[in-house]
Amino acid sequence: MSRTALGVLALSLLFVGSLFVGATPLSPMDVTTPEARALIWDSRLPRAFAVVLTGASLAIAGQIMQLIARNRFVEPMTAGTGQSAMLGLLVVSVCLPAASVGLKMALSAFAALIGSIGFFAITRRLPPEEPLLVPLVGIVYGGVIGSAAVYIGFQLDMLQYIDIWLTGEFSGTMRGRYELLWIAGLAAVLSYLVADQFSILGLGETVSLNLGLNYRQVVLSGLVVISVVTGLTVVTVGAIPFIGLVVPNLVSRLVGDNLRRSLPLTAMAGAGLVLASDIFARLVVHPFEVPVATVIGIIGAAVFLWMLYGRAQHVS
Amino acid sequence: MIEVQNLSHDIHGAPILRDISVTVPKGGVTALVGPNGAGKSTLLSLMARLIPRQQGRITVDELVVGESDDKDLARRLAILPQTVHAASRLTVRDLVGFGRYPYHRGRPTPDDRAMVEDGMRLFDLLPLAERSLDTLSGGQRQRAFVAMTYVQDTDYLLLDEPLNNLDLAASRALMARLRDLADNKDRTVIIVLHDINFATAYADRVLVMKEGRLCADGAPQDVITETLIQSVFETDAPLRTVEGRPVVMV
Amino acid sequence: MYRNRLLLLTLALLACALAYLFTGVKGSLEFALMFRGKKLAALLLIGAAQAVAAVMFQTISGNRILTPAIMGFDALYVLILTAAVVALGAPAYQQLDPGLLMLTNATLMCAAAVMLFGLLLRKGQGDLMRMLLTGVVLAVMLRSITGLLQRVIDPSEYAVVQAASFARFSRAETDLLGVSALLCCGALGLAWRMRHRLDVLALGPVASTSLGEPPLRGQRRALLLISVLVAVSTALVGPVAFFGLLVSALTYLVLPTYRHAILLPGSALISGVILVGGQWALERVFAFTTPLSVVVEFLGGVVFLLLLMKGLKR
């Protein structure tokens, strides 16, 4: 069986399984009762969709960010994009408290875009022979923007919101409150259409120009995808670390760096990882739950460390 | 005398050195040559306790590497590693001064300072004494590190491919100086070299390594032959004898 | 020349301390001095601990951008604290003597840090990128495990832990001052005794081996001291991510030398000036309510980025 088919199968199993995990007990036998249907329709199914959309689009955003930065160790949530989205959201909530959710999201994504452009403006000036500087600068840059947000939050007594945006979780997801995530999914799908151009970006500006690519335009469109995905995720579920980092790295080890081939797998693996983590988050202190960001912080970190050390032994 | 007995070494399961036994007597210049991956640097690093020993035994005079006190070994044997990079804020004088650390442990005496000045004079570093390392050229920095190793005043000097960043003139000058240390100051020099012609020109003895084994050992004119070049380096470069010593035609 | 700068820094710190103690006293001077004196002592301890820990860590890891905080030392401390609360239960935990608790936590912290970061330094030798990423990822992981534990315990226990998870310079835990001062001064004294060895360790593992200073032993000793210092600072105010970075960067700027005999006291002085001066300015001049930690984080990050960009242009 091909990898793709296997992935689809595993993902479907996780998806269906996730419908029957939660505070209210629900077994597959009961699905015919109206209460069960309402539960699935209003809460479980939206949650499963939200999880899949978030996981897939964050993984793709991470992949694109890594290609633009030409560095395998950056991702939106740790390089200022997530923090910018948060800061933007905070400013909008303060200045335009009456704004609609859609407007808040748009402005938050816009802030994320500005933040990412700022990040790349800095990293472009870093020497290419020092790849470690890029993630480091990203972390500090994100920390600066984050502390600006904390400052505002502290002044206006809005720290608890920041806490919510900082740790992503799906417990509040239900019908009518997650649908904007489909836009993030759409952005991720659109990026598949220009996958070849993103792949070429990963070879650098000179090669891109040589191949007749409009470098700036492709970079900008990549940044727009990253920002939309990050902004929407922060607004609806909060920040989730590591997905954008771990998933693309693992997938690229499996199938290489040709996006046209790897992007679907990246999306599936991202969705699967977040789904599995979310199921675990619901089970570990049942009937309560743990934020999925916390679970992924542990799992993602463990996987990442394994990637760094487990594999390197064979290479050298 | 450095004695290596039955030394074997693995890195991640891959054998790098296989049962090497060799003795380097006091005095003279000994060159380690061989193709890439032969284990030359590993052998040198093991002698200098830069990597922990796995199997076998190495002694430097009466000191056992890995068991004797580090301070004693540091006064007996110094190594110049392949890649040198250090805190760039150091001046040349600071760096060379560290060569005396095994003796004064942070409190230099006037004697120590005099030796540092002496070392800088010997390696023409006095004009650069107050320059910081990151403003120097690769060759100048290399010279500063060699001077530091010299000032350490050890009987044994181990150098791992010191000619890597040097042009022809600097390479010849460095080799001539090492030759001088061996001839006139009673130092023992063990040096990893890539260019066989440098080895035949300056060394008293060559140790040829391939795939973790020692495959030839002796005076350059006896050891370096066309057959050896073919079997060890797997290339058929012709060999000529010029003024009594073998020269590989590249 | 560095001696003069150290003298100037000492004077600046004295001025800040006096200003902090004596300006804007309302009511009883005696009471104010008592109260402020304790806070001042706490600030000075934290400052010295953070600064010396950062400089030492940068020396043994051979770079100028990693700090114990970035590598997750304080996250490790908070995790140990949380684990202790979970294991003992909050009521039992709170009945124990805080000084004794802190000693125990600091000991556990030393053991864990030497195991974890010792391994890291050994494995990551010469591969800074891998070490850096490991540290950053490890920090996230430790924080996440802490978060998980905090979710598992009940809210009353959570409050006990929470006090240690957020940095508040203005609300330093002054009850722990005695034990902290003891631990901190001991560690600082030992660090001072290591100053010449640190000079050699800064040359890198090969050169320091060749000079008879085995890097592993030096690293382990430094890690122990760093753990104690971070434990003290974290117990007093909670984690402060970029403060150590800010201080060490400023130290290298003000005192461009490799000698730890200058760097260690210099960094402690600079850090004291920033903390005491900053706290004084925030409390008395601007009457701000924002915690200094937030401002320091922000400034620390900005200074770091500026330094980096400036350094690269050169």
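When the chains are written out, they are named A, B and C in that same order, and each has its own residue count from 1.
Everything below uses one rule, namely that a residue touches a chain if its C-beta (ideal position, glycine included) is under 8 Å from a C-beta of that chain, and two chains touch if they have at least 3 such contacts.
In this text, all values refer to a predicted model and were calculated from it rather than measured experimentally.
Participant: Using C-alpha centroids, which chain lies at the maximum separation from chain C?
Facilitator: Following the centroid criterion, the farthest chain would be B.
Participant: What chain lies closest to the overall centre, CA atoms only?
Facilitator: Per-chain C-alpha centroids compared to the overall one single out C.
Participant: Roughly how far is chain A from chain B, centre to centre by C-alpha average, rounded to an integer in Å?
Facilitator: Distance between chain centres, rounded to whole Å: 52 Å.
Participant: Counting only Cα atoms for the centres, state how far chain A is from chain C in Å.
Facilitator: 32
Participant: Averaging only over C-alpha atoms, locate the centres of chain B and chain C and give their separation in whole Å.
Facilitator: 41
Participant: So in the complex, the part of chain A that touches chain C is made up of which residues?
Facilitator: Per the touch definition, chain A meets chain C at residues 73, 122, 125-127, 131-133, 135-137, 139-141, 143-144, 147-148, 150-151, 154-155, 167, 241-242, 284-285, 288, 290-291, 293-298, 300-302, 304-305, 308-309, 312.
Participant: Using the touch definition from the top, list the residues of chain B that touch chain C in their complex.
Facilitator: Within the complex, chain B contacts chain C at residues 48-50, 70-75, 77-79, 81, 84-87, 89-90, 94-95, 98-99, 101-102, 105-107, 148-149, 152.
Participant: In the complex of these two chains, what residues of chain C are touching chain B?
Facilitator: Within the complex, chain C contacts chain B at residues 62, 195-197, 199-200, 202-207, 209-214, 252, 256-258.
Participant: Along chain C, where are the residues that touch chain A in the complex?
Facilitator: Those residues of chain C that touch chain A are 65, 70, 123, 128-130, 132-134, 136-138, 140-141, 143-145, 147-148, 151-152, 241-242, 245, 289-291, 294-295, 297-298, 301-302, 304-305, 308-309, 312.
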